[in-house]
Amino acid sequence: MDGLDDIALTAAVFLPLVGVLAMMFTPRQHEADHKVMALIATLATFGVGVYLLLRFDYARADALQFDVDASWIEVINSRYILGVDGISLPLLVLSMFVCVLVVVYSWNHFPEPHNPKAFLILILILETGMNGTFVAQDLILFFVFFEVVLLPMYFMIGVWGGEQRQYAAIKFFLFTLFGSALMILSFLALFFQGGQTFAIAELVAVASDNIPRSTQILIFGGLFMGFAIKVPMFPFHTWLPDAHTQAPTQGSVILAAILLKLGTYGFVRIAIPILPEAAQAWAPWIGGLAVIGIIYGALGCLAQSDMKRLIAFSSVAHMGYVMLGIATLTDFGINAAVFGMVAHGLITGMLFFVAGSVKDRFHTLELSRLGGLLIQSPRMGWILGFCAMASLGLPGLAGFWGEFPVILAAYNPAEGLSVGLFRGYMVVAAVGTVFAAGYLLWMFQRAAFGTPKEEFADTPIPGMHWPEYVAWTPMLVLIVVLGLFPNLLFGLTDGAVGTALAAFGGGGN
Amino acid sequence: MLVNQFLILGAVLFCIGVYGVLARRNGVLVLMSIELILNAVNINLIALGALQGPEAAVTGQVFSLFVITIAAAEVGVGLAIVLLIYRNRTTVDLDEVDLMKG
Amino acid sequence: MPFDSPSLDYHAFAPEIVLVATLVVLLFVDLVFEERARWATSTVAGVGLLASVVPVLTLAVDGADRGLFDGAYVVDNFALVLKALFLAAGYVTVLISTDYIGDGDYYEGEYYFMLVSSLLGMTLMASSRDLISIFVSLELLSIPAYLLAGWRKRDLRGNEASLKYYLLGVFASAVMLYGMSLVFGVTGSTVLVEIGDVLAGGIGAAPLVTVGIVFIVVGFAFKVSAVPFHAWAPDTYEGAPTPITAFLSVASKAAGFVALVQLVFIAFLGRDDVWAPMFWLLAAVTMTVGNLIALRQTNVVRLLAYSSVAQAGFMLAPFAVAADIPVDRGGVAAATGAVITYLLIYAAMNLGAFAVVMAVARRTRSAELGSLAGLFSYAPGLAVLMSVFFFALAGIPPLAGWYAKFVVFKVLLDAGNAAAVTLGVIAAVNSVIALFYYASVARHMLLDPAAGTDTSRVRVPASLGAALGLCALATLAFGVLPGLIAELGDVALFGLLP
Amino acid sequence: MLAQNLSFAVLATVATVAALRVVSTRNVVHAALYLVVVLASVGALYVLLAAEFVAAVQILIYIGAIVVLFLFGIMLTRPTIGSEHGLDNDQRWMAGVTGLLLLGLLSFVLVDGFGDRQLPRLDGMSREALTAERGTAAVADSIFSTYLVPFEAVSILLLAALVGAIVLARRD
Amino acid sequence: MLENIWVVPGLTFASFWLILFFGKRLPKGGAEIGIAAVGLAFVLSSVAVVEWNDRPATEEVEAVSTGEHGEAEAHGSEPDAHEEAEDEHSFGEVRALAVDLAAAEAGEGEAGEHEAEPIRSAVERNLTWFSFGGVDITVGTAVDGLTVILLFTVTLISLLVHVFSTNYMHGDVRFTYFFAALSLFTTGMLLLVVSSSLLQALFGWELMGLCSFMLIGHWWEKKPNSDAAMKAFLTTRTGDIGLLVGLVIMFFAAGQTFDIAAVNEAALTGAMGETVLLVGASALFVGVIGKSAQFPLHTWLPDAMAGPTPVSALIHAATMVVAGVYLVARLYGVFWSAFDIEAGGVNPIAVIGGITVLIAAALAFVQTDIKKVLAYSTVSQLGYMVMALGVGAWTAAIFHLFTHAFFKGLLFLGAGSVSHAVHSFEMRDDMGGLRKFMPTTFVTFMIGSLALAGVFPLAGFWSKDEILLGAAENGYRLFEVVGLIGAFMTAAYMTRCVYLTFFGSYRGHGHPHESPPPITVPLIILAVFSVGAGLLNAPGFEKFFELTENRVFLLAGIEHHSFEIVPAVVSSVVVLAALALGGLLFFAGRLPRGVTARSRAARAGYRLLANKYYLDHLYTGVVVGSIKGPIARAAYWANQKVIDGVVNGVGVASTRAGLWVYRHIDQRVVDGAVNGAGFGAEGFGGILRTIQTGRVQQYGALLFGATAVLALGLVIFV
């Protein structure tokens, strides 16, 4: 079995590409084959994920496992290092999981222009990029995977998107590229300042000692730009609503469920462990931007008349919680942040799924034109309600664990951070929960309650089809399960977070 | 003799040539101005070669020979191109050759 | 006195000799079977180029650095890698030319004759280590290029392209010659190594030398189309036959950089106070201006022209900081490595880009961006290839371009001083701006609805297809396993280190 | 010594004036003829510098070949021979400024660089020694030993230029 | 049973899922599952009560007090108590500490009310839920008197409501779904009641919020209903800000634990800093205000009447709103020492409670919708309870909660029964004289009203009396007076309500008839309790106190005051006075013209109108005469315009703000900057293009010029 362990992560990353190859050589007309092949590819990858879950040594969740270390680019001493620990494993599995569901959902939901072949291939490439980012333990490798997701998403938005798709696509692209350009500069700075290596583990060991504090802060600035734009944090968020609104359903789901996590993951995996001092210097600002984002995103939501755009802005708010959790630099906070990533992935992903299906049926997401969804398609309506409740952080559902512990952590941030300031942040964050309830219920009321507007009153609205059931049920179940048994995730992340915060003596408490 | 006598003369020829290539509108005249520049170069090569001693002197002469030869080739090519232009648009006025810009 | 004829190491000349042979065969073939064997000429050229790669390989295997004519002509790894690059680029050019020239009624035999002689000049350039050889090989690679640019005789734009290229080329080489004369005059030698030794001494400090260096660098800045010596590039690229444009934008530019590397890092090494700021300025201005103007282009070829200007800016950046890199981290060698790596990757990407543009133009009969609309709907393969090459140029992983940009960033941060980092940030911002127009091409192809009426499948001739395949393969391989290319860039240096 | 300086003065003046006429005359054919004057006087200067072979080549190739080429060019491209207006374009002033700028720059660095360094006096040497040292034979030797590669290259270059020029120039 | 108390919420939770998935397929649409589950839960709760009753009282605790109280310092071992209490946080150990404390004290035989007297120790059962940051977060159950009492009450009311609904909701569009929600609702309350940790309690708390949203908005086709639902959810959620913050503060103040007992312990033993405690308690209380509809966040409760009546009964009697009261009672240690309740005088809790009592009571006068009357009455009664807690009458508060559950449940179900008959809640337009048509409902409703009014010897009397007594004894005279006024008003508006509903002439349409057994039986059962429940704490018996007494009591040294005759008489007099006045106004004054009025009414509608106008006039006249009019109306005006206006205003305002920010900041500034940069770049590119003139000699000029400048620059600067 150990032989398998060695190749497990490599397989997890590159299996989708195998599918891509197979599909490339299948003519475009055989749509059924393409669907099947894509499904097989994603399922196989997910199978690897399950294997990882089974073989993962939960006792050593704080250490890298299944690690691979092969030579890649000798000249710049960048190596092919893979590995998962308690932080990356859940995100990795989440991404595999979501990809499967997205493919299933796509079965009969191909947006215009149809062309399943290209669409599915893009999804598979995306999966490679995302999985790779979560397992890469070498900065350059991380960078490459981090960038790999750009193109497929660009095309997905640009080709299969809505009216404004081109603007949205290029905006998404330019923003992220700008961030990553500065990010790579910081990586190089780390390389030269931190002992001629790109291996994250080694950098964590040496960097903070070798690099003077002022330099650390500068380098962190570059990393911050790279990750914060991806998250996105206020004020770099403006690409998100456009991207989400224009993207096809599957695109929005992947974007919300996984892509946004790449940024936050970058903070947890790279920025903070490698540059703790700088992190401490930056934390108050990050926290500030985070809470601004919470309120700002909420206000943005209240201004929306388009369902998808509203959900998009809600992402800004939710990622605000995640970032606040990270900014506390306590293991409460970062555990909560990781949980928040997963929860937000599931919940917002679901919301976008539902929004997509609503759009399929009504061909609009204008809340003013919707209404009475509960009458025309009760199940979907209640699922929407369920997701809204989960998203507003109702205890017992996954969302709560991304929210409450953050508030908890903000009360008592790591040493060296201004307690008063962060308690202020805590209160703002708490107020944010009410806003969240406000706009989500508002959306739910306008979309689902009441009676159908006359324009749709007599149009027959089909109920949910099987792909929707198959794709949604697992997510809904997970939302509940994680909500009731948070230890499933906390148990996994806690140790790893401890190591990530080693520089802070395992967190601020 | 001062070496600078020759060098300054070369510089003068060079600059006259530059003026010529920039100010003359007729393609053939531009080619002629180029020859002025190349002559300036040759003067430099030979004068400085002479200044720097025997080997340098030889090298300078060789260099200038190459320059002269290649200048000939260039003029040939240049005239061919000018001729081509003239044939297609019955003018050698360089100012009119501006289809592509921006 | 008796003349002692020099003993020649023919192995060292083998590649050039093969090329000359090819030239002869070409003339012969064209002469004997006039019309009947027009097709043969391209084959002959291709075979000849491939054949001349063989000795390059044998020399590489042999590995020893060979210096002839007391250092005027050197065959080392640097030279070999670049000869290989030139020959490969030339071969791809032949491939993409075959149908282009074959279909239109152009002089075919002569065309390949010109191409190969220009390549001969380049291969010589890679080994030339003294001013005269550099000058001669520069002219040898340029003059045929001037003529090729105007090969489409009846096309006014073609004539114009040729004229502009020729005139500016001659101006530039005149300036360069004057500079060479000054440097020669001060040092009394034309061999780069000797010049380097002299200039390293106190005498080098004279303003005279400064002017000399500036003039010489300008001569090659023109070749690599660095702003403000780039003006010819867009017009020439647009007017010249597309294969020649590809050839110029890759091989000719590469030759320019080769000469720069040799001159700056061997002859002028002692005077970095002169060239470091100059290159800093050139690099910054070049990448910025190139990108900004490219934003406004509506013609793909012209857009590629400006893009190659901008790319040249990236390649100039390592020169700006070469002197500041600690010697224990390779010193100028590191910079050279970056330049060469960039050149190799850039060659693959850019040739591919032009090839695909040509393939598309066979259908659209136009290079306007608008004519690409909806390409994806009727020629998905080409559309995907084109986006591959364009996004590679934009530097998006996992396509090769990212590594090219990466090595440049690496060198900049390796130098580490304020100027270098500033240049790094400028470069970073530029790489983002660049994405905008590269993506806009993809946008037209993939995101716009098909405009053209004829949306039947596009037939790509075999040789063109082969060229596309080669470039795409290289672009992907270098992107995923940059190790391959990095080794070359690294190896290329040793013969060159002073 | 005086003779040399005197002849230099004359030749230099002639060359300069003629060169100025080349870039200023209104008549294309005259320009070509003035060019002959320039080339000839420069050739004479080569003799002053003891580079007889170069001088010879200068006369042969330049005046014998290139200028003739120019005249042909003029014939082919200009139906009427005679003076005409508008040989100059509207950026004459900019051209002048550029030229003067360069002149200033160059003369400064040259003066700064070589000041009043004398050329070595050669009249002391015997004719043979001179020839052996830097005469035609020496030049030939170095061309066929040290500069063999460029020499061969130039041959290819000329061939290519020939073929290409013909292709472009011929009427078909 | 006490160890396995989790079964009780477990049952209802299971039934929720069962109904959700299988309800539709069952003959009774899932109702049977719900009833079975809740019924079983009720049985188990009763068992729990019995077991608790039989549980031997073993635990002896010595009162430690919150520091600044003189007599506390007397204890020799006081300081160690502090330190140890600070160090130790797991509940068990604290208990141990408390025990040997008691042992230590035994020798000193110091005088005090509680020292010798042992109590039943709570039954705890915890298991680790999850752990992060090196802290184990536990879930579990803690059962003591308070718990079992509430279990009993909640399950009973819930059961009756279930039964009632089978008929009342019969044929409703979402019958099944309704029952599922009921089960979940009950689960929420039960979970809150049994939980041993604050975090877990939060789950029950929010679960109820969710269910209230679902049930109030049950008929969401109509926008007002869904608005009401959202208002309820959002208002309580606003309060929850405080709750969240409070929880967090408590978590850290008590040394990183959510264990309720530990928190109380820490608060009482002074392990928490003064300020922290005060801030935390205030924050928590904000949550209570929201949930228990205290002034000024009470406006959602009347709107919540949009839901089906059984839901109102459940919300008002047993779940949702009493959750707040329960939380205060549960964390009494915190509030006790935070607001220094022992000191007497005034404190926020009492003040808020008092204000709520009066305002709500006044508002009840101007309602014409019977459910709204009851709603405001609930608010007012909740005010009583909170006030009671504020004045340190802990037992009284719980006792009132207990009794109030029965008669308020009774009243709501009665109202439901009435509306079931007349299909309306408008007392003035569609009711009147119903006592003849529906006797059972009438009788039970009367009992309920009298109990609510606090007439001897019904349940309300005893509990209310205890509150007043507690206020008096603990030095809160002011609030005793408030209580009396409240009692007076309560009696008065209930009289009005009863009169308008059951007396006079029937003003509705159709022929009202008595409701079927499923509706009347619950009424009767509740009536019985409304009569008897009070006796549980009757003088001399005081079973209730004995049952609910807990260690917080002892630690804090809370005193329980047994029945005293004088205040009881006073309050009875007040109540009777109110009844008399009301009776005078409505009954006595009505008879003479009433007959004619009614006889005419039978014939001519317009006389009926006139008659109504007459009554109306009479009523208003009286109210004005008795000065309540202006107050009530002013209060109502203020309520609707100011407080409610603020509540709604906040919503509107934030939406506006959102729009503004979005339009001007987001789209203009933030986004504009980005796009601006883009356009700038392109524009600049356009300018640069003009260099490219296409004239070769200008290119040349550029070349030579640039060369010259470059060289010159370098010559000069190098």
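Quick notes on this structure:
Here the chain labels run A, B, C, D and E in written order, and each chain numbers its own residues starting at 1.
Here, a residue touches a chain if its C-beta (ideal position, glycine included) is under 8 Å from a C-beta of that chain, and two chains touch if they have at least 3 such contacts.
Fair warning: this is a prediction, and the values are worked out from it, not measured in the lab.
Taking the definition of touch as given, a chain qualifies here only if it contacts subunit B and subunit E alike; those chains are C, D. Among the inter-chain contacts, the highest number of C-beta pairs connects B-D. Chain centroids computed from C-alpha atoms place A closest to the centre of all protein C-alpha atoms shown.
Averaging C-alpha coordinates per chain and comparing to subunit E, the farthest chain turns out to be D. Subunit A and subunit C have CA centres that are 42 Å apart. Here the CA centre of subunit C is 32 Å from the CA centre of subunit D.
Each chain gets a centre from the mean of its Cα atoms; for subunit A and subunit D, those two points are 72 Å apart. For this pair, subunit A with subunit B, the centres built from the Cα atoms lie 65 Å apart. Contact with two or more other chains is made by residues 174 of subunit A. For subunit E, the set of residues that touch two or more other chains comprises 678, 689, 692, 694, 696-698, 700-701, 704, 707, 711, 715.
Residue numbers of subunit C whose C-beta contacts span two or more other chains: 132, 135-136, 139, 143, 146-147, 150, 153, 162-164, 167, 171, 182, 186, 207, 210-211, 234-235, 296, 436.
In this structure, the chains touch in the following pairs: A-C, A-E, B-C, B-D, B-E, C-D, C-E, D-E. Subunit C contributes residues 131-132, 135-136, 139, 143, 146-147, 150, 153-154, 156-157, 159-164, 166-167, 170-171, 174, 177-178, 180-182, 184-186, 188-190, 234-235, 238-239, 296 to its touches with subunit B in the complex. Taken together, the subunit C residues at the contact with subunit D in this complex read 1, 3-6, 8, 13, 20, 23, 27, 68-70, 72-73, 107, 110, 113-114, 117-118, 120-121, 124, 128, 132-133, 135-137, 139-140, 143-144, 146-148, 150-151, 153, 162, 182, 186, 206-208, 210-211. Subunit E contributes residues 129-134, 202-203, 205-207, 210, 213, 217, 220-223, 226-227, 230, 233-234, 237-238, 240-241, 244-245, 248-249, 251-252, 256, 651, 654-655, 657-663, 666, 670-671, 674, 678 to its touches with subunit A in the complex.
Those residues of subunit A lying in contact with subunit E across their complex are 171, 174-175, 235, 237-238, 296, 298-304, 330-332, 335, 372, 374-375, 389, 394-396, 404-405, 407-408, 411-412, 426-427, 430-431, 433-435, 437-438, 441-442, 445, 448-451, 485-487, 490-491, 493-494, 497, 506-507, 509. Of all the residues in subunit B, the ones that touch subunit C in their complex are 7, 10, 14, 17, 21, 27, 30, 34, 37-38, 40-41, 44-45, 47-49, 51-53, 55-56, 59-60, 62-63, 66-67, 70, 73-74, 77-78, 80-82, 84-85, 88-89, 94, 97-102.
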